[in-house]
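Chain nomenclature is as follows: A, B and C, assigned in order of appearance, with residue numbering initiated at 1 for each chain independently.
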Amino acid sequence: MAKSPSLFGATFRRDLLLAFRHKGEMINPLVFFLIAISLIPLGIGPEKALLMRIAPGILWVMALLATLLSLDNLFRSDFDDGTLEQLLISPHPLYLSVLAKVLAYWLATGLPLTLLSPVLGGMLSLPSGAFIALCSSLLIGSAAMSLIGAVGAALTVGLRKGGLLISLIVMPLYVPILIFGASAVTEAARGNPFDVQLAVLGAILAIALLLAPLATAGALRVSVNG
Amino acid sequence: MANNKQERLFMNWQWFHRLGSPRWFYEKTDAWVPWLVILAWGLLLVGTVWGLGFAPMDAKQKDSYRIIYVHVPVAFISMACYYIMAIAGAVGLIWKMKLPYMVMKSAAPIGFAFTIIVLATGSIWGRPTWGTWWEWDGRMTSYLVLSFLYLGIIALQNAFQSRDTADKASAILALVGTVNIPIIYKSVDWWYTLHQPASLNLTSAPKIHISMLYPLFTMIAASYIFFTLVLILYTRAEILRRESKTQWVKDLASGVPSKGDKA
Amino acid sequence: MTSAPVLLELHNLACERDERILFSQLNTRFYAGQAVQVLGPNGSGKTTLLRILAGVSREYQGEILFKGELINKVNWEFASELLYLGHLPGVKKSLTPLENLRWYAALQGAVSDAQLLAALEQVNLAGYEDTPCFQLSAGQLRRVALARLEFSKASIWILDEPFTALDKAGIAKLENRLIAHASAGGLVLVTSHQDIRFPQLQTLDLQDFAENSTVGENAHG
């Protein structure tokens, strides 16, 4: 009889493989991030002092939006080709299968965003002291956003055009993550410690790890039978 | 008594809840509605006149503070409404009953409307006191995010063609929102103190004298009753909408006296 | 037939969707070694019934027993003994047949690549194991899904319209496969628009359990 870890591993590897076979889908959020950031100076002027002041918040908001963009892909293809219902009926806990998928998703979207962020931070004149805060807050924050966003993706996967709806229902839930993430980078830019903010982000991630896959599993069942 | 029999029926035979629960609620509330209307409007009248007219003027904010007689009660209710909505959804999910989903669906637009009133009255309050129509203070921002949560539920409800799926999906979203509300509230609070440590919270109530509190309590009570009334009315309408194909609704519509047990 | 063990038992099974009762008071038993076709016109709930039995849907009233136990109490055992093929092929188009089968093998455990290749050969897809599935025809996709039957250890097979997109040879082969499974002590539940030529095929007509039926309880098999 198969044990849970092997399905977790198999689903995780399969999803990672699929992500790399759809490199376009992986690149899109990064391109969005880049273009959106570039629009900011075009919109408000290239004055360095101003850009430096708003860089932390802008970087975080755009990363949040880029994460929202690709959420719809999390379950949609599985829903369309029938592999999602096979996941539902397997004896393995749906909680773990969801976790495996979200982990693969985060590695393919959240992680690249985090790695790109220092480059974009430089474009917005972010002080170099803030780069570590930027990357660490985005690393933890994007993981939490992937988990919470999975709930929205699961709720709307049965709808043909779930895209904008996901953003509506997930964005309010992202507010705490945005507040603490942007604050971490802002404080770091001023040379202050930012461990409190990172700790809170970590706590949010922990809660999300515990509860979000449960809600996602329930939502998947509802959507598959809709 | 007839109602006890029906209650036992629907608890034991969930299969027959279709015949029991929503209709029972509809017929039972027939008698409640007129009383609630009288009570709600009565208390609202008393509270409004008292608060807006007769309560003493505030030293700092003069007459403009009176908006709290609307702002504060409505704020309580719009928050409570979300929890009521989520609890109704949870009951529907766990016990697979229909009536809770109808209550949940009715509560969403009501809660959203109340939240908008909170924001509007907060805005009106801010204008004479601080000179601006909108301030991003802790409470206003929290209620703005709450309005987004309501919008999400309403949008999700209307996105599905199957009513069963819409009900269950909204219930899950409402529960997720419930977990998030305290976190959002705390983080917005923290965010506000971070960015504006010195200034007063715009919409905090002024130092309140006991004579100002009585009309406030009246208004709070009035608002809860008013909310209950509106929720019941909306739920009754939802019941009629969903059960429109059943015999008892058809009888109701054509004026035939109901054959079932009356409250 | 009554000496064979009872695999599935349905007590007063009922299902309602969007204010419509699909079927109610469905009482029946399914034994090892049976092949059962579920009959009924479109919209009568055939697919819903299969999805309920497979565990995709949990929206039903009544009880389902697997080897005498309620299925929510023996979920692991029940789900491990089950294979479900629905309308959708359950095949990821961006992966190759072999990669798809590897994932299904992980659901079950302990299946070697050699077994998977043999399974593909059984469904006439030898040589295609490394072709991305989006390059396969609808019939070939369905055969990738059917390859699961070759290495599955499940005793209960629930197949919704499995003959779709198959040619005559494919249909005959699948029929033989299903008959063999039933003969070996498994249980096969199918729906199909086509005529199925099984010896000793049992039927379950959902119209007997529909809302306005006067027949009421009617146990087949």
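One rule holds in what follows: a residue touches a chain if its C-beta (ideal position, glycine included) is under 8 Å from a C-beta of that chain, and two chains touch if they have at least 3 such contacts.
Quantities reported herein were computed from a predicted structural model and do not represent experimental measurements.
Under the contact definition stated at the top, the chains bordering both chain B and chain C are A. Chain A has the C-alpha centroid lying closest to the overall centroid of all protein C-alpha atoms shown. Put simply, the chain farthest from chain C by mean CA position is B.
The mean-CA centres of chain B and chain C are about 47 angstrom from one another, to the nearest whole unit. Note: centroid distance chain A to chain C, computed from Cα atoms, is 37 Å. Mean C-alpha position of chain A lies 33 Å from that of chain B. Multi-chain contact residues of chain A, defined as those touching 2 or more other chains: 225. For chain C, the set of residues that touch two or more other chains comprises 59. Touching of two or more other chains is recorded for residues 162, 164 of chain B.
Of all the residues in chain A, the ones that touch chain B in their complex are 151, 155-156, 158-159, 162, 165, 168-169, 171-173, 175-176, 179-180, 183, 200, 204, 207, 211, 215, 218-219, 222-223, 225-226.
Chain A contributes residues 1-3, 6-7, 9-11, 14, 17-18, 21-22, 77-78, 80-83, 85-86, 88-92, 221, 224-225 to its touches with chain C in the complex.
By the touch criterion stated above, chain B contacts chain C in their complex at residues 14-15, 18, 162-164, 242, 245. Only residues 14, 16-19, 24, 59, 61 of chain C touch chain B when the two sit together in their complex. Interface residues of chain B, counted against chain A in their complex, comprise 145, 148-149, 151-153, 155-156, 159-160, 162, 164-165, 168-169, 172-173, 175-177, 179-180, 183-184, 186-188, 190-191, 194.
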